[in-house]
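In order of appearance the chains are A, B, C and D, and numbering begins at 1 in each one.
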Amino acid sequence: MQFIFGCRLAYRTPSAIPFVFNIEAQQFDGQTLFDEQLTTTPGVDIERWTMPESGNRYVRVIAPPGSFSVEYRGRVELSPSLQEPASVVEVPVAQLPLAVFTHLYPSRYCQSDKLERFARSTFGDLAAGYMRVNGICNWIHDYVSYEGGVSDALTSAFDTVTQRAGVCRDFAHLAIAICRSLGVPARYVSAYAFRLEPPDFHAVFEAYLQGPDGPGWYLFDPTRLADPAGLVRIGIGRDAAEVAFCSPYGSVEYDKPEVWIDAVGEAPPATTQAVRPMTGS
Amino acid sequence: MQFIFGCRLAYRTPSAIPFVFNIEAQQFDGQTLFDEQLTTTPGVDIERWTMPESGNRYVRVIAPPGSFSVEYRGRVELSPSLQEPASVVEVPVAQLPLAVFTHLYPSRYCQSDKLERFARSTFGDLAAGYMRVNGICNWIHDYVSYEGGVSDALTSAFDTVTQRAGVCRDFAHLAIAICRSLGVPARYVSAYAFRLEPPDFHAVFEAYLQGPDGPGWYLFDPTRLADPAGLVRIGIGRDAAEVAFCSPYGSVEYDKPEVWIDAVGEAPPATTQAVRPMTGS
Amino acid sequence: MQFIFGCRLAYRTPSAIPFVFNIEAQQFDGQTLFDEQLTTTPGVDIERWTMPESGNRYVRVIAPPGSFSVEYRGRVELSPSLQEPASVVEVPVAQLPLAVFTHLYPSRYCQSDKLERFARSTFGDLAAGYMRVNGICNWIHDYVSYEGGVSDALTSAFDTVTQRAGVCRDFAHLAIAICRSLGVPARYVSAYAFRLEPPDFHAVFEAYLQGPDGPGWYLFDPTRLADPAGLVRIGIGRDAAEVAFCSPYGSVEYDKPEVWIDAVGEAPPATTQAVRPMTGS
Amino acid sequence: MQFIFGCRLAYRTPSAIPFVFNIEAQQFDGQTLFDEQLTTTPGVDIERWTMPESGNRYVRVIAPPGSFSVEYRGRVELSPSLQEPASVVEVPVAQLPLAVFTHLYPSRYCQSDKLERFARSTFGDLAAGYMRVNGICNWIHDYVSYEGGVSDALTSAFDTVTQRAGVCRDFAHLAIAICRSLGVPARYVSAYAFRLEPPDFHAVFEAYLQGPDGPGWYLFDPTRLADPAGLVRIGIGRDAAEVAFCSPYGSVEYDKPEVWIDAVGEAPPATTQAVRPMTGS
């Protein structure tokens, strides 16, 4: 399935300041990019770096004083593996690759070390594997209110599990924290999200599970607002701290970001299969 | 029903320091005291004060350097009103006496302002009144592990609702916070507790509800460890901060308190009725 | 010194709901009220209760559906005792009246139990008494930024001591928590505040100290925004939880409150003396 | 300078469980290992993995039921670069390698996002560079009490900055959080620590600064308990979550670890120079 997508971000700064952006989509087997273009107005030098362990593509620019904008656009072919949910099981900790333990550790917004008893008593009886992670998403969808203005940039899973309101970022943080508490590696994913209304940057998560073709990362969206087969992955990280789409290092004013994603041709209905993006890492 | 009860507290201090104790039982219609005696070793002057709005009896002494102990003993007749749980209902906020609003406010260890959505989504569907408060106790009993060494003096309901482990104090704090979140006034009660094993100071709580004979305070023990009809009330407060059995103002070493309570004559089995202590305030 | 003061609060509710207001000024030796008037539009029954231990005057009304407003106005003579700061000392805990221990306990927004080491290491070397409490106010004024939109109704002293930004409520909470950590009873005061710009309900605090004429409560304003001799006391409490000017129990929209206070005749410059409101409790 | 070092860890488990250890020292230019040996009793298969981005060496074993122990020993040549503190300056964010931004993000125990105003108001006036990071260490050493039993595995920098007590882990977390708040990348380091009494695993941190020979990581020990030139680095991470020396995945009892490190030959006095371990990453 192909998508046209992109974003336009506009800022005003009183003086020259550095910005780090993480808005370019990742490249991997299941996500092939075409016709990518990143432009700045006014034009400035662009410094790029791709993080080896995540594939995240970071861009740094020094924005001049005054108005500054970044536009990114591209076309992408997504070819995730769609699998039968019941066929996707948990990987015992004795068999987890040591490289994924990173995503078992508690992180700033996902304090899995404080949620263990809660997670075991609430989800301990669900059958391990995809169905349990999906059960966690259902619980969050049912018990946490999707609502702007309640949470903020400091809100963490430990707050949300009790305060029960937040946005996509908070939903993902809570799901990740619960998964890690139960011994399931989980990581934060920022994405362009097909069928998300209104269009915006979206936050979802991946859990490390074992499918019919071996272990790997599976996508989940506890907000149920986007099509899991239409998520164009930007960045992955322990939590939102690592994949901010824009980090200005100085004083700045900004407009609301414009974000878009459209299917090329007719899109099938949103999938109910397990979605495995087929990434190497 | 009559009980013999008391405690013995022993300390060692390098220098003379003030202590405030709250170990003497309250006196009210449903709790009549006989043969009370408070002695200190060595003997020192005792200053007393009874808080008008709570009936809590505070005692201050200046303990001399060295060993110091306090022994309190008494006999008590408890005559609570035992009522049919289904007959006890909620008081609408429009009819609550303004004097009990104090026990609707969040307090140090009972942050009801942070538990509203959780409380409504977990307990909102239970029938209001005694049965709902009892349902809160059942939930705490089922989902929070009674366990020493997990919580400490800084632990609050906001921690316990997620960390899911604690002792009687934590159970009471969580229940109080949930009640207040739902608009039910609730207050902390420290007590000598019949049938509590091993004997110790106990923490339970009271909720303000409406019984067949009008509105008043009803006792609940979410630990299910004591007999609600055998609780000799020491102090009430917004939470544990107000009814510490001993507050030393200086450096001190202490022994584990000895606490006892025994029935005079044969005690009936623990009650399953709603227990209303028949206090004026 | 006399002042004319008052407020006007306007609401819209879809259905009839109870409101509790705490906007009427207290009455005590140092604060004499004249020509008080509380009116509602439309007119409704007013239920009143004065809390014995605080003197707070609470008002309950059932507001009808639609627009509802409350207007309160009065004239007041303030005759606080103004004393030389250096003459006001600390009361040792062995001599504090047992009735003020309540204001040594940690409360919802003033977690003095978590600030002890911080308070001792930062303020332990200041000379005890008025000068130390004033030093705490100076520290808060210097190190906490007075800024709207950073804190919210859930923010507590434990947050503010590190996050270093807030409004009058947060300044008072932090000062109270520090005082209690050091063994100085402190309580929250809501007030009409002369010279506060723009006019609004204000939050300050009182500390229990010993002046030339005996022990009592002294006023402090760590925001330095109002004249301590021009504070018309509305309510006192452990913290903001107890003295909300308006508590609606149901869904409501509201306008920004109008609040005013003006001197009758010419006012002297803001005092630099220690201000003791001369209240009985 | 050469050192002989190692540790012995003993466990008892009721059933076979996986363990992940991070006790082997890293290998890099400034830290050369000889005669390393890792043995288990009873002998079991050992699975190893070195994390590319950190150089951390993780070991996984499946321990059989009953007693199980691990012993690790080695010899190491440390050849850090010792530099004049005043010659080590800050790297502006516009010039920081994008690969080190990871260590600017807030993490589980180092919530730099909540400490910004505190950090700026307390340390903003110090001269940027090594001297400022050293000033942060001095402040922590002076204002935080080194004390066991106050903090626990859930304690974070946001707690410690106010509660002012903890152990080496807490000291490092607080220092890291402050550095990140000020725009200085900082990371957690676990180590064998020469001159630490009693011997134990130690926690220190590194800050990314610019020395006379270019930018790189510099070691700091805010506890002042070890010799910075005698730290044998085991693991680095965002915080303690990533470099636990032992992670058992199941029920376990354990003895206190034995840890040792001794100089080969006579050691010079502890250095007061800036210590740069000369690691590639």
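Simple rule for what comes next: contacts are C-beta pairs under 8 Å (C-beta built on N, C-alpha and C of every residue); 3 or more make two chains touch, one makes a residue touch a chain.
This one's a predicted model, so the numbers in the text were calculated from it and none came from an experiment.
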Steps needed, at fewest, to go from chain A to chain C via touching chains: 2
Turning angle required so that chain C lies on chain D, C-alpha fit (0 to 180°, nearest 5): 180
Chain pair with the higher count of C-beta pairs in contact (A-D, A-B): A-D
Chain centre separation (chain A, chain B; CA means) in Å: 47
CA centroid of chain A to CA centroid of chain D, Å: 30
Junction residues of chain B - those touching two or more other chains: 114
Contact graph of the chains (line, ring, star, complete, other): ring
Full enumeration of touching chain pairs: A-B, A-D, B-C, C-D
Residues of chain D defined as touching chain C within the complex: 114-115, 117-118, 121, 143, 145, 158, 161-165
Complex contact set, residues of chain A against chain D: 18, 20, 47, 49, 51-53, 58, 60, 62, 93-94, 97-99, 101-102, 105-108, 110-111, 113-114, 153-154, 183, 238, 241-242, 249
